[in-house]
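Each of the next two complexes has chain A plus one other chain: chain B in the first, chain C in the second.
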Partner chain A sequence: MRPDVALEFELRGPDYERRLRQHRLQARQELQDTLRAILQTGFGFLTWTPSPVRDTVLIELFQQRAVPQHGCLRVSLRGTLTLPDTSMCPVVFEKWIEIMSRVDSMQWEPDTLRRKWGGRLESVLRTVAGQLVEDRLGRLPLNAHVELTLASLQAHLAVRPSDINAAPDPRGLEFRLRVVLRDPQPPNPTIDRNAELWFGRCLPHATEDDYVCDITVVIHKGDTLKAGDQAVRQLLLRARFDSLRLHLKRYQPATIAVGRGGLVGPAGGPP
Partner chain B sequence: MIRAPWGPLCAAALALVAPRVWGQGAAAEAAYQEGKQYLATGRFSEAEDAFSKVLSWVAPQQASLRAGALFGRAIAVQQRALSGGDSGTAAPLSQITADYGEARQLDSATYYAAASANTAILLRRAGRHEEALAGFRNAAATTHPARAYFLLRAAQEWETLERWDSAAAYYERALTAQPGYPEARRGLLELHLRRGDPGRVVALAAKWSMEPEHVAPVSDALLAVLARPEVRAAVLDSALLQLARNDAAASLGPDHFERARRAPLQQVSELHAPLRQGVRALLDAYRRPGPDEALRPVAEPPWWTTSLARRRVWSATLRSLGDWYNRAGAPHQAARFYEAALGLPGSGVYTDWVDLDALTPLAVIYAEASGGGAEAQQAMLDGFIMMLFEGKAAAYQKDDMRRVREFHMALGTIYARRGQWVGSPRGAIFQLEHMRRATLRLFGQTGQRLVDPPELLESLVQGYLATNRTDAARRLAAEVAEQYRRLGIEEGAARMERVARGQNGG
Partner chain C sequence: MSTPVLRPPRPELPAEVRALALLAVIDLLLGVWLRLQHAKALSTFYVTHLPVLGLAALGWGFLPKDRKERTEVWVARLLAAPGARPVLWAIGGVLLAFSAVSSSVVVIAVDPSVSTMVSVVDGEQARPDTAAVTRSPKLRLNRLTTPARLARWVWPTGRRVWLYTPTTVSFRDHRAYPWLPAKLQYPDDFVPLATVAVLPAATVLSKLATDEHRLVVLAGEGSTDTVAQSPLGEHGSLVAFFGPPPLSAGTRARWGDKLGALLPDTETVSFMVGRWEQAWLPENRVQARRPLQLGEALTWRVTSAAGVAASGEMKLTDVVTDLYLAF
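The block that comes next holds the complex of A and B.
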């Protein structure tokens, strides 16, 4: 169900390099491990593997070229899907003055940095989580069956909260189904290879504990359409859908880990 | 202890608590371990069989093992039911409740909370909400690590039973058990929306917006308040201000704004005439210019200038957009937003509402501007000098020594890179000496001993050498050498020691 991704972390910048010196590789490795644990918990709809797989999430911590040379964070994706981030400094991770004010070598020990930056990385990633899911990490498809009931504008997703480590309350979730939409309407049948159906207002299914969601929006020929509009409903009813790929659009991770259906074990966590 | 939000997932949590085994229990123990293995791998029917064997072999007085097997069997059957079943025999669901009940009695210290909560989940699915509530409350009365989760589930049951005050109280209790628990925050906000208390939503939003990493559910709730036609004007006003403030604090960029905000805010604009001007100004500010579009002037919309609170939020929004364009490598567009954030041209940075975080990046953009001919460069330089005076004055006026220091630090670096040592204030020596003074004053104010970066102090040494202040250079170089040594930068220490000994032009 969850796509596998590898993580690569890069650390560069004149002040980082000058201060870390021979510790740079070790710091990079330790931070990569810390980041993987953070991502596993905060973006648990992906399986973050330590070994190389087809898709890799690259997280770069680098200094801006111009003064003040803030430490910036960039997240990009490469593999089956390549989504680079070309911004010069997508997110400020720490101000230059903070970098320059750590003037004791103890503060640049890999273990000290891992503790200090671990918390900061967690906080920064959580702040931009919505954008990351929508623009980057949610672009990797979930391997899950989707059953559309177009007459009632509903979708039954074979995804349980525990499958994607989502919060038990589904109100923070939205999905996106990328499809090839074939509209047979004469006289000009059309094929839209980049159509999307968005699913929101999800609820747990009455018996199977997976999600039943409303189809809220249709992206067709580049237009964003309300699924409830009469013309859109008619389009959905006559169209054929192929190559269904389910993605997360909005995500809320479970804060307290529980098992399938919300079950808990005697020592906490999933049973 | 409850796991901290986003903390590492504890793999060990998969294990059932190992009970003590007595007498003939070797076979029972083996079957118990087998059951756990089956459970962990999702083979629920095999797990059920294994735990049933334990129960047929174990003596009644072996309470601990018996409780473990009962709990294991119940959870195996419950999970099988939740996953739509698997191969093998299926026990009736009523057995689950009985097994949990007995496990809870036999070893309450271990199983009471989890068995109560898991039974409550079963009851909830059967629509027996009063009983489910009791189960979650029982579970929450323990010190189980998932206590906050049980309180959250109890709150949801209260909500289903339309006992709003109790639901709110339980969401609050969940937040006390685990401060910042996002699911409880979201639940409480949704509850107040359901109850038709948007004022309370906005009050909570203001309280919780201090933590940018938790603002997503808050912003959702604020948008929901703004989408309601019946909400009072003052509440709507506060909701819009808080939403804009949160978006600025979270550095929301135009692209994300387009996807997450534009459509709902357009609806808000249509729904609430008093907010229309303010919303439209936001929509316009966040609109990303096309590739061939000329640089956009940033207007001062009247709606955002009618109160100090609005002005502050508007300034923060423009500063945040300036940051975004600056980070995106569009400094000229960034400068427009920074200037507008600072009220330039016009009231200037002395006013109470400007976001002074716009100062340093704007000064740097001015200082590093190139191209556009001598006249344009001179205009930029004039602007830069004006920034310097106004920014410094504003920060000194507010006795904001942290900002004063940061400001001198950035400017000192720029001048040092240009080799522009002399000049007051347009010189590296002036700026770096004032950085040192600000550091001392900051220490006097806060007791926090800050150390100036040795690289910048080395620039000051170079400045002294370049202006023939050899004694000052040698004194400072000895100090800087020591700092480099503390950082482990030996080549820097050696360089400064040579200066201190007078071997480098001294």
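The block that comes next holds the complex of A and C.
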């Protein structure tokens, strides 16, 4: 269900390198482990493995070149899907004056940094979580079956909240189904290889505890169309869909691991 | 056989006149010495002469003739006594010996509004002895004390001195000779003291934090005369010989303007100004080997383990002259 993903953490920048010196590798490793735990909690629809796999999420903490050299955070994706981030400083992680204010060498000990930066990394990632799911992490497809009921504009997703560590309340969830849409309408049948169906207003299925969602939006030939429009409904009814790949578009993590129906066991996990 | 030639006896000054002449010479030389060395005391010297001489002349007129004659005889006998002239020679010799090893430093306030303390340091300004600077005597100079005078023991070849006030230093060394004092006019013979504020750029601050960088200031282009050298910390530093002038609002504003043109946000500008202000902390001072004078040209270089990181020339155009380090 959940795609495996490896995490790589990079720490670059003149001040970081000079201050950490021989501790840089240790700091990098400790922060990578901390980040993996944070990501496991906040983005549990991916399996964050410590061993290398095909897809890698690269998180870079680097100092921008321009003065003042703030510490910036960048998240990019490598592997089957390469999504680099070319922004100069996507997220300001810490200002240069903060870096310069850590004058005591104790403040640059890897363990001190891990404690200080761990909390901030969690906070920053929580702040940009929506964008991360939409633009980066949600681009890795879930391995789940999707059944479309086009007459009622609904989709039945074989995904349970516990499969993706999602919050029990499904209102925070949206999915995106990337498809190859073949429109056979004469006289010009068309193929759109980048079509998308967006699923929202998800509810738990009456019997199977997975999601049933409304088809809300259709992306066809680059246009964003409301699924409820008559023309769009007709398009959906006559079209054929191939190469279905389900992605998360919006995600709300469970604060703790839950079982079926959002149940929590006495130990704090699924019953 | 030759007949001895009889020469007439050479006329000799009477002994009492010789002693009187010796006394007059001593008095004259004392007057000249006071005129050269201690102008203020000269007036006292002569003012005390006048009533003594006047009263003596007045009293002399009232004396009966026989008393006058007896007094004249007594004075003449005293002056003509065999020990009188040796005593006068001895007094004259002592005074002459004293004048040969004694001189003074005289500072005259040209501007009547001047009020300052002038320190007199023995030795050369180019190679100052810090112990001599520490124990240097001070003169209070204002319109009431001018000319301020400081007596100094000297060798017959003279004694080299230089002077400073809290804000100025004598333009050059001066030498006090026996009989000829070192005379200076304030402020004409003084030049403002200068301080170099070493201001690392934002990118340099972090380099200073981790790698040892050393500032070397030399006297001028091609010179090997090291004026100051010290490791630089991750903050501003001051190169100065004496305590620097207080950090002024004008200096802060100048720094703010410079940084404002280089940095995008006021928060970073404030941070940098704060770091540069730490130059005024005593522990962040780079001790110059000698006083730095306004208008002086210096060369400088910053070295690290990798070699020379930056170098350049500078002229001390301001009391606090900025040296902006960017490398």
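Assume the second predicted complex is superposed on the first by the 271 of 271 C-alpha atoms of A that agree within 3 Å, B and C clash if a C-alpha of one lies under 4 Å from a C-alpha of the other, contacts with A are read in each partner's own complex, and residues count from 1 in each chain.
Keep this in mind: a residue touches a chain if its C-beta (ideal position, glycine included) is under 8 Å from a C-beta of that chain, and two chains touch if they have at least 3 such contacts.
Since this is a predicted model, take the numbers as computed values, not measurements.
Taken together in the superposed arrangement on chain A, chain B and chain C clash. Touch criterion met: A:Val91 reaches chain B, while chain C stays clear of it.
Once the two complexes are overlaid on the shared chain, A:Gln230 sits clear of chain B and of chain C alike. In the superposed model, A:Pro168 makes contact with chain B only, not with chain C.
Looking at the superposition, the partner that touches the larger set of chain A residues, chain B or chain C, turns out to be B. In the superposition on chain A, contact is made by A:Gln252 with chain B only, not with chain C. Of the two partner chains, both chain B and chain C are touched by A:Met100.
Once the complexes are superposed on chain A, the part of chain C occupying the same space as chain B corresponds, among 25-33, 79-87, 97-105 or 259-267, to 259-267.
Shared contact residues of chain A with chain B and chain C: 15, 18-19, 21, 67-68, 95-97, 100, 103. Those residues of chain A whose C-beta lies close enough to touch chain C in the complex are 14-15, 18-19, 21, 67-69, 95-97, 99-100, 103.
Considering their complex, residues 201-203, 205-207, 209-211, 234, 262-265, 267-268, 271, 275 of chain C touch chain A. The residues of chain B lying in touch with chain A in their complex are 2-3, 5-10, 12-17, 39, 71, 75, 78-79, 82-84, 110-111, 113-114, 117-118, 121, 144-146, 148-149, 152-153, 156, 178, 181-183, 186-187, 190, 212-217, 220, 250-251, 253, 255-256, 259-260, 263, 323, 326-329, 360-361, 364, 368, 405-406, 409-410, 413-414, 417, 450-456, 483, 486-489. Of all residues in chain A, those touching chain B in their complex are 15, 18-19, 21, 37-38, 40-42, 44, 64, 66-68, 72, 87-92, 95-97, 100-101, 103-105, 108, 122-124, 126-131, 134-135, 160, 167-169, 171-172, 207-209, 224, 252-271.
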